[in-house]
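These are the structures in question, set out in turn.
Each of the next two complexes has subunit A plus one other chain: subunit B in the first, subunit C in the second.
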Partner chain A sequence: MNSMGRRRSQITAASAAGLLILVGACSTDTDGGSDGENTAAAIDCSQFEQYGDLEGKTISVYTSIVDPEAEEQRASYAPFEECTGAEIEYEGSREFEAQLPVRLTAGNPPDIAYIPQPGFLKSLVEDFPDVVVPAGESVVSNANEFYTPEWVDYGTVDGKLYATPLGANVKSFVWYSPSAFADAGYEVPTTWDELMDLSQQIADDGAIPWCAGIESGEATGWPATDWVEDVVLRTAGPEVYDQWVNHEIPFNDPQIVAALGTVGDILKNDTFVNGGLGGVTSIATAPWNESANGIPDGTCWLHRAANFYQANWDESLEVAEDGDVYAFYLPGKTADDKPLLGGGEFVTAFSDRPEVEAFHAYLSSPEWANAKASVTGQGWFSANSGLDASLLQSPIDQLSYELLTDPSYTFRFDGSDQMPGAVGAGTFWTEMTAWVASDKSDEDVLAAIEASWPSS
Partner chain B sequence: MDWLIDAGSTGHKFALMFVAIALFVVVMGAILLAVDRPKRVPGWVVAAAFLGPTVLGLGFGLVYPGLRTIWGSLLDSKGNAFVGLENYVRVFSEDQFQTVLRNTLMWVILVPVLATLIGLVYAVLVDRTRFEYLAKTLIFLPMAISMVGAGIIWKFVYEFRPDQPGVNQIGILNQLLVWLGLPPQQFLLGEPANTLFLIAVMIWIQTGFAMTVLSAAIKAIPDDIVEAARLDGLHGAKMFRFITVPSIRPALVVVVTTIAMGTLKVFDIVRTMTGGNFGTSVVANEFYVQSFRIRDLGLGAALAVILFVLVIPLVIYNVRQLRIAEEIR
Partner chain C sequence: MTAAIPSTTLVDSGASTAKARTGRLGRMDQRAGMARARLARPWTSLLAIVLAVLWTIPTFGLLLTSFRPRQEIRTSGWWTFLQNPATTLDNYTEVLFGSGTQFSTFFVNSVVITIPAVVIPISLALLAAYAFAWIDFKGRNILFVAVFALQVVPIQVTLIPLLTQYVQWGLAGSFWTIWLSHSIFALPLAIFLLHNFMKDIPPSLVEAARVDGAGHVTIFFRVLLPLLTPAIASFAIFQFLWVWNDLLVALTFAGGSPDVAPLTVRVAELAGTRGAQWHVLSAGAFIAMIVPLIVFLLLQRFFVRGLLAGSVKG
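So, the complex of A and B:
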């Protein structure tokens, strides 16, 4: 408790210092860190009266979010802790997905966990029906009020709401360098054909247009699954995508084979990849979070990655529409065809104690979303309709939120996150790795994944 | 009771620790006191008092989980329905697991043999030279590095960057290749050579262990034997073949089997360097992936049992050799 409290006051002090520097220097820096207005004095406790007095109660939170993002998480709980008196015990672990089932089996569940995949949530509810607690009334009413039915649906298993969305991300982005584009006279493409023409043009000008990397430790391969999902949405459409994710059509349906072929037109094309990193096979060994370093260096021009990739840019780079690096929307077939791939985490409770439900309700409320936005420098936004977008501090987060809430875009949740673990966190990763590493054919890759789909 | 189970503050935890220590002292004191009591205590009570805690600990900490794992390997992925030997059939019939078994075989043959061989030759070469101390320290140093640490170091050694303008190599091996005018290589990608590059890391770590034990054994060879052999005209390679190796045979066996056991369980190097991708997975890594990531508990348990079965003959052989060595003495 003591160390937690100390850390919190350090954050507050650091935030205040950041604010002073901002005011003093009138800095235009877009990446100023956690210079939140969320200092203790500014908290209006009247919104927290509904949660009652929770003095002396502790709520344990177990997540896969580790420092530095974890620090922003803890800072966003400060209003709740100060107004209700409850204490949040935060524990982040890189081994979260492996350890959570172990803890549930052992009868040692956390009060609250943030689950990054709806598919994982579904298997937890199936495997531990007595341990996962359905959301309470206040949580359900928050979810229905502030989230679209699709987002509510991702946290619903067998008609019961278990989990509410926490953060969100948008994956249909292509990172590029606006300044380099301006110098070379390239235009941001608005259709898939324009994107391919642009790639060809860059290649004709003597450069390698695309860079990609899918190495991510034992999760190696996941960035490639996002590629496939994004392209399935574009070549086969959202309806087929839903059938594919829910296994209503085989994993190796001809339309998916065609989509993988389209991905291969870029990722398996030696004239298009892998800028600054080597040939096609180097995609398998390039760390995903360093693979776009060639963009500011000029050895690579295009990199498909989510909005959260911005955390990996060197701090000296300006992330802005007219800056050093920025992202454009990965275009659809036509300019009006706008599918959007994204993901998010979900808050699940394993206890029905009133303080746990209160905290769950807080996390699903706009108050939390706004508190989180104001303590987060970059790389975070939420699908909460009560979020005040002006609090988002980075232009790419603002763009992400804009696209997510724009009705002309058709949102779909990351497919591999919804599939059973044996596929979505297993063969889909490993087979896509084999697809680039040992040039396994499109048909063989998809057939192998289809064969691994659990029968029940 | 709550006070004993639920410790909130640091002081409380310390208090609990002292309670636990006091309990330990009381129990051990009681046992020792009981054992010290004059003759009337029968022999089996004494034996039970000494062996009891160990047997209980082993039973609860080793035998019970072992039996549970064996039982679990006969159940399905969720641990509910009995499926017989299906998990084992899968391990021995599916392509991906055959790669895993092949890799484990490569590891368990190459690492002990090469590490022991290099360690032995090195020990003989530096024996009684002027720079023996320094030379031994150098080769022993990798032993002090954790497997994960070694994995990260060697990942940098093997790091690949293409040979094109504006791109600098950061891996030493590829930089050497570029200096020699050769194209840089993706060491960790091509199957099955990538497993050999991982094996090199384990050999780098284990050679120091082999060298130290064997060097001590060589120094323990009685001088009179060596001198007698020398009078009989043995030198160099023949001395090594007919005197050194037979004299240190028990130490050699122990070194080879110990390294083999450690190698069978190798997990850290594979997980750190390739994550088991590109056809480099081994049984221990696959066991973890199946149990905790894919959550196929039956298959994970089956892999654990296979690992266990593979280690048993090595342990038995090792223990027998130790016994024989003791009897000779």
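So, the complex of A and C:
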């Protein structure tokens, strides 16, 4: 009986301790709220008069962008919150793509969501026609005024504009080390042949030129799909690319087989890959966001990745044209042939309340793009033509914006993001992984993806 | 395998003392004594130690990694730590203070979620288990089997219907959704375990109390509850660990909004949008581990005993 009493008192003590934690935490909670308000100082509110007074209104935003990038997102809403009085409830989740359909099905949609792929938007509109709300008038006029028709198209389903572009990225980049290039006397190539010559030259000098990695958790394989898309744009051209993405030609069209062969000339060439990481098969297991570290380490020279790869470099490295690492444009067949692969996310609304439309309009305006640029260190720019490029803080983002708005470059949106989910976020990834990991042949890989294309 | 080993004097004395005391000790202690005697054999001990070390190595590596700078984690394994003993607290600073929302907020949310999600199912299950064990009513066995059979329902198939229901009730996004969900998912097992434990208590004890004029309430609180402490504690640990470590339920019902999201949601997001912050994950994992570790260490003696007590009898 004695021991029983002791036990009971222990449990009481444990729950008492729990209560104490509770009480202490409640008090810290209250002073945590004031943090966000200091960032917005001296804002010109005249541009916000069009949105009216939204005092006391709350707009919930659901995205796949989490901290630390989410902090920049929240900071960019500060002017809107300050001037209109509305409150933005931001929620980011890495499980966004799985959770959003669950919420829509259950009748618990957010007011606004940032959709990372046009293909996903299309399937949302098809599956939840009553829940996804077409963009309002002010949003449509913003979209037409500040974005090129191509970008407006990505957010349009069946002739109706649902989503406006938020951020953009450019994927046709090859990261390299300018200082190492200068020391070795290598030149930045301007055509595909020069790129291959450079690779051969580096290999002849006794190094392994390329490093690559496509491991990315459950999305393993996606960096390889970008390789294929980039090369299809270069060997077959943008028109064939569009037909291929829209499945007007089969996925395993001879031109695509040829393109995959060209990718294989680099990624499946033992003398070209995989610097510092192993042989060809190591590409499948190397984490994509770590695979380029061979460049500062001196074990490889070239790594094809988007502008947002900058976030993965060690903080001590200087990203600049004459710095430790930088990126050059992945060249086309000739110096004048300049296809550009990129991506972006799109804002779509699930409510037609006036404050939601006002916020949607704000997100599609140059005011927001500039506010976002001025609070973002690196890894973000927008296709918004009203964006002041000098506000972008990273040289690679400035270069990306420059290429994106330069009419001599032909922009195409990431193909796998536009294909049906079963392919673009399914077999395309897994088959490309098999292509690298188990040396599956070009023809077999493309035929398997073609066979998995949903029939409709 | 152990039979082949020649018995040493140590084992003999251990076994004989255990035997000598059998008369005075209960079945549990007898079993414990035998286990103690068996564990005293050197080979078994060695095996146990090897297993324990093997099982601890990954955790130890994680702990070491959490103190290493990003550059070191990237270029070398934790086992090379002694050759290059660079340590940093940056990872912990980043986890604790690097987010827009205070880490303590998530911590508090976890506590606020966990305590009711443990207390509610145990309170309900105790009452239900008592009814199933000691109140004779028609259809008792069928009902008991039905409740137990609910364990078969996988949690995943209930997510969307439950969420739809919560939205209709206007509960979405509040703590209630998580408390209710965890209670729903825990009840079948809780009722089963506690029922079996209650059945283990000699009927004469309950009958004696009845003869003395005790009603159900008195029997429940004065006779059964004190005897049930190990079972309750063991199930409480079970449920505590499950709720504390849960991500799926919290993410689906509460979402990631900082008002209600628990620690696990924060840890899942730690790596950043494109995974650039992977080096802080080990530190995050350790911070999230501390509370369950403390709870387990404090209550583990109930855990082992209660687990055996409730589960082996049908």
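Here is the rule we go by: the second predicted complex is superposed on the first by the 417 of 456 C-alpha atoms of A that agree within 3 Å, B and C clash if a C-alpha of one lies under 4 Å from a C-alpha of the other, contacts with A are read in each partner's own complex, and residues count from 1 in each chain.
As a working rule, a contact is a pair of C-beta atoms (placed from the backbone, for glycine too) under 8 Å apart; a residue touches a chain by one contact, two chains touch by 3 or more.
This structure is a prediction, so every number in the text was calculated from the model and none was measured.
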Touching partner for A:52 - first (subunit B), second (subunit C), both, neither: neither
Partner chain in contact with A:97 - subunit B first, subunit C second, else both or neither: first
Touching partner for A:386 - first (subunit B), second (subunit C), both, neither: neither
Touched partner set for A:108, first subunit B, second subunit C, both or neither: second
Which of subunit B and subunit C A:89 touches, first, second, both or neither: second
Partner chain in contact with A:433 - subunit B first, subunit C second, else both or neither: first
Partner chain(s) touched by A:276 [first = subunit B, second = subunit C, both, neither]: first
Partner chain in contact with A:312 - subunit B first, subunit C second, else both or neither: second
Per-residue touch tally on subunit A - higher for subunit B or for subunit C: C
Doubly contacted residues of subunit A, that is, touched by subunit B and again by subunit C: 102, 217, 297
Residues of subunit C touching subunit A in the complex: 70-71, 74-75, 98-102, 104-105, 107-108, 111-112, 115, 159-160, 163-164, 166-168, 172-173, 226, 229, 233, 251-252, 255-257, 265, 268-269, 271-278, 295, 298-299, 302
Residues of subunit A defined as touching subunit B within the complex: 97-98, 101-102, 123, 127, 217-221, 274, 276-279, 281-282, 284-285, 297-299, 421-422, 425-426, 430, 433, 437-438, 454
Residue ranges of subunit B touching subunit A (in the complex, touch as defined): 77-78, 96, 160-162, 164, 166-167, 186, 188-189, 191, 271, 275-279, 289, 292-296
Residue numbers on subunit A that touch subunit C, as the complex places them: 4, 7-8, 10-11, 14-15, 18, 21-22, 25-26, 28-29, 32, 35-36, 62, 64-71, 74, 89, 91-95, 99, 102-103, 105-108, 216-217, 287, 289-290, 293, 297, 308, 311-312, 314, 316
